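Common to both upcoming complexes is chain A, partnered first by chain B, then by chain C.
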Partner chain A sequence: MDLLAQILVNGILLGGLYAIMALGLALVWGVLNIVNLAHGAFIMLGAYVSWHLYTYAGIDPFLGLPITVVVMFVLGYIIQRGLLNLIVRAPMFNTLLITFGLEVVLTYLAQLAFSADFRTINPSYAGNSFQLGPVVLPLARLLAFAVAIILTVAMWLFLLHTRLGRAIRATAQNLVAARLYGVEPRHLYAMTFAIGVGLAGAAGGLYGTVSQINPYIGAALTAKSFAISIIGGLDNPLGVIVGGLFLGIIESLTAAYIGPTFADVASFGVLVLVLIVRPSGLLGRTA
Partner chain B sequence: MSKAQTIKIGIASFSVLASVALSSTLAAAKDIVLGASVQLTGPVANTGRYYRDAYQFAIDKINAAGGVKVGNETYQLALKLYDNQSDVNLSVRQYTQLVSQDKVNLLLGPFASNFALADSAISEKYRIPMVQGGGASDQIFSRKFKYIFGTLAPASDYFGSTIETMKTLKPEPKSVALLYADDAFDVSVAEGTRPKLKNAGFTVAMDERYSTNATDFNSLLSQIKSKNIDAVLVAGHETEILNFVRQAKSLAVAPKLYSFTVGVPSEDFRKALGKDADYAFGMTAWLPSADQKDRWFGDADQFAKAYREKFGYEPDYHAASGVADVEALVQAIEDAGSIDAQKVRDALAKVKFESVYGTIAFSENGQIDLPQTVIQVQGEKLVAIHGEKGPINPAKYPMPAWDAR
Partner chain C sequence: MKSLQLIVVFAALIVLAAVPWFGSDVLIQFGINALLLAVLAQGWNIIGGYTGYASFGNSVFYGLGSYGVGIAMVQWELPFWAGLVFGVVLAVVFAVLLGIPVLRLRGHYFAIATLALAQVMAAIVSNVKLAGQNVGLVLPPLNDDRLFYELSLGLLVIATLTVFWLTRSRFGFGLIAIRENEEGAAVMGVNTTLYKVLAFSLSGIFSSLAGGIHAYWVTFIDPESAFDISLNVKMIIMAVFGGPGTVLGPIVGALSLSAISEFLSSEITSIAGLFFGIVVVAAVVLMPRGLADMFRRIPKTRWHYFAENIRAHRL
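Our next item is the complex of A and B:
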């Protein structure tokens, strides 16, 4: 029983991390209709930004997170205006190709710049934990979880209540109508993509504090984010949280009670099931 | 002609020129060309570099010492190296290209067992001997192949000396968890370790295989804790082991001992973990020592120093094994008095010499047999605990709880 409680807590905390990883991907996908295959590479770059801030400037990874987000936000804005805007009206296949190319380029540039050595963001408290009844709560994961929830709820409120947020939602729902109401799509697309990349940066900073960083972590993270976005649905940031938690819990339970090799089978099996039963995601509107 | 076209033609002709220039430097007369495909990029690039650097370092050293004598003639060594991008399929294609198009004389290996397992099929098919120092899995050598030679000790015996060490510890650990990744090397390790644990009287309380790309070990760690396991033996890759140790700390899981097949001997791993690397056990078939003489490098100690100066990082057993591969080929060429692939192969089967890496001699199946020295991270240092002749230094055991360090 104690073990089950611990496994569930592990799964929930893992799910929070998953949610923040997928948040940016789902936003960009939902609004720009671009499946950003370079999303994992942006998470990796964000992790390196946080790692540099921590290693060379001594900035705590959680306190430095806003800096990471701003750096990645600016990078995202530039990449959208300079590169992705060229293909914004192109068929889906072209956007896949260009973001895939971007992923390859970013990964290899990262190896040139940072080498293939493994890095960790390891402040003295990163491994701390506290006991709550029979369950151990790892501090860094708990903080990462809290940041993930805060960012997701903030995203949700931002989309609901701010002018820019409403414009983003309007564009996602009906581009022509949004333009008629004075939305300038180029700036809006760039802002959305920048927010997505900024969120990827935040996810990277958190990922580096609980796991390890090398230039090649991106592809697997993109795949995971992709699955979570589909499971949760693209309509609503809260769907991503649900998708992340769902996946985290399923993977933890599978690893403990069926076998660790089956964790991926379970998560992608769930993906297929969701596609069959609820194609627009767990929290998505049914068509 | 438009400007763009001119530029295109310019680039095309330049690249043709460049490739002609490159291939002509390779095909210079009296060169023995050694071909290899190594992970220079991709997820295992940080281990692949040991082989790139070791091969080149050994070749430069041998050339500087006058090259290779074959009968009355002296040859220089050249290296034809491809980057397999950590992709097994690409690696197989590159070895095919090395033997069929580049016509290299002899082959050096890639890193990692799953690569060596696939690539050795090429050396066998084309009957070109390959000496590889990156694959330890017993599977590579169990197929009665005649052209594959390996300088890593058998995977099945990686934990052998660790189990001997465990018998000497007080209080003796009782229950053991054996965790391994699902690839050629780690499965061989597990298959070899299982009977050794039983014979030594340990209870194998957990025996779990996990996916090679796993990043989350929380479920396994929670089980280790709830089953109160004394000793944890993990066969995996560096990324997984980094995650394992970090997550063990964050869940406050501290068995009496844990030991890892990879990572512990390499500087990069210890740097990434910092203080959290303390108490981790591992094993290595090579520790630099002045007693280990070498014809070209003097001894292993001098080799380690020169390597560090040249490349800026510590060599570990991967690097020493890579150097031994080049030396084994050279020794075999000289013994055979020929660069004919068949004759070199026959000489390799009988070769016996001292190198920076140890005594190089291959058993019937083509694999070397070297004892694994148990090592442990103790504070800043890597300490040898238990070798072929028994205990060397006392182990720090049992590992204290994470909050009591």
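Our next item is the complex of A and C:
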């Protein structure tokens, strides 16, 4: 029983991080209709930004997170404005290909710049943990979980209540109508993509505090982000929290009771099942 | 004009077939790899180019083909051709069983579901005892690169003839109708589920045969390399670079990209992959309909061709 409780807590803590990983992907997908295959690479870059801030400037990874987000935000804006806006109206397949090409480019650049070595962001408190009854709560994971959930909820409020958030939602519903109401699509698309990449950066910074990073982690993270977006649906940022927690718990249960190699099988198996049974997501509107 | 094209194709085929008799070992080995990739691109062309279903799961067929040959030759001590047949059977079973539910999905959802299937296959196979688990299988060696080269070339010719047949058969028209407008095709009496599953199986058969030949050639298979996901992306890029939904496009794409990447990795090893990514990005922006379309239209439009493509797709 204690073991089960610990496994569930581990899954929930992992799930919070998964939620913020998927949030940027779901936003860009839902609004721009671009499935960003480079999303995982952006997470990886965000992790490296945090790692550099921590290693060379001594900035705490959690306090330095805003810097990481801003750096990634700017990168995202430039990429959408300068490159992806050129092909937004091309068939969906071309957008998949171009973001894949971006993924390759970013991964190789990261490998050239940062080497292929594994890195970890290890602040002094990384080993600390709380004891809560029979369950151990590692401090870094708990912090990462809390920040991830706060950011996701903040994103939800932002989309609901700010001018830019409303413009983004309007564009997702109907680009032509949004244009008539004065939305400048080139700028808005770039802002949306920039927010998505900024969120990926935040996810990367958090990921770096709980796991090892190297230039090649991107592809697997993209795949997971997909799974979470699909499970949660694209309609609502809170959906990714559900999707993330769901996947986190399933993975830690499978890893504990069936075997660690099956964790990915379980998560992608669930993805395929959800796709077949409810293509708009567990929480999404029925099509 | 038509007969001129035919002569060019035949001449190219004869030159290709003669390569093992005048080329160096390195060239032959490069040729086997490039031809097998061309088969994969051509196989993808059937489901992705003609039917319009962007499969990111064709690497599964390739892996099943590899393991079909591996299991048949190592575990059951059957001849090579029996292994190829076994691999094809596995691929068709997979295409039918998983194709029926997955081919109901459209667009991104289909792409992602197939990608997810490709992700889990390596993990599943590494737990199957018959397949040697995660250690893999070592096949009996056969040092005859000429044979493997001609086999690969023969397979490519068959795949290409099949695609050529698609362009002038009722079945092929049905697939194109599905790509252009699936509801419309169904209304016109195309049995869309049957057609899609058949196209998926056909695509799988060629990928599986390519995997089988490759497995016997390299004499070693393990789950990671047999079910390598990046292979999907490679075949898709090659097909799209050359021109998806055309007969010769995927071959041109596969051979030219293989040559570029081979040249780069021998000249400037570290940034070969980087360059590959840049080529993909530039190709999508500047020539989204592939080399085939570019060669057809560039004599008339000159460099305006690239500007027109950007103008057509930008925001």
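General remarks:
The rule is short, and it goes like this: the second predicted complex is superposed on the first by the 287 of 287 C-alpha atoms of A that agree within 3 Å, B and C clash if a C-alpha of one lies under 4 Å from a C-alpha of the other, contacts with A are read in each partner's own complex, and residues count from 1 in each chain.
One rule holds for everything that comes next: a contact is a pair of C-beta atoms (placed from the backbone, for glycine too) under 8 Å apart; a residue touches a chain by one contact, two chains touch by 3 or more.
Fair warning: this is a prediction, and the values are worked out from it, not measured in the lab.
Using the contact criterion defined above for the overlaid structures, shared-chain residue A:Ile67 touches neither chain B nor chain C, since it reaches no partner. Once chain A of one complex is fitted onto chain A of the other, the partner contacts of A:Leu238 are absent, as it touches neither chain B nor chain C. Legend: residue contacts after superposition of the two complexes on their common chain; A:Ala170 is shown touching neither chain B nor chain C. In the superposed model, A:Thr261 lies in contact with both chain B and chain C. When the two structures are aligned on the shared chain, A:Val183 is found in touch with neither chain B nor chain C. Legend: residue contacts after superposition of the two complexes on their common chain; A:Ile12 is shown touching neither chain B nor chain C. When the two complexes are overlaid on their common chain A, residue A:Ala140 makes contact with chain B while staying clear of chain C.
When the two complexes are overlaid on their common chain A, residue A:Leu83 makes contact with chain C while staying clear of chain B. In the superposition on chain A, A:Asp2 makes contact with chain B only, not with chain C. Overlap of the chain B and chain C interfaces on chain A comprises residues 108, 261, 264.
By the touch criterion stated above, chain B contacts chain A in their complex at residues 41-43, 45-46, 49, 86, 182, 208-211, 213-216, 218-220, 222-223, 225-226, 238-239, 242-243, 246-247, 249-252, 268-269, 271-274, 276, 402. Contacts from chain C toward chain A in the complex involve residues 48, 54, 101-102, 104-105, 107-109, 111-113, 115-117, 119-120, 123-124, 126-127, 134, 229, 233, 236-237, 240, 270-271, 273-274, 276-281, 284-285, 288, 310, 312-315. Listed in rising order, the residues of chain A touching chain C in the complex are 29, 35, 83, 85-94, 96-98, 100-105, 107-109, 112, 185-186, 189, 219, 223, 226-227, 230, 261-262, 264-265, 268-269, 271-272, 275-276, 279. Of all residues in chain A, only 2-3, 6-7, 10, 14, 108, 111, 115-120, 122, 126-129, 131, 136, 138-141, 210-212, 214, 216, 220, 251-253, 255-256, 259-261, 263-264 touch chain B in the complex they form.
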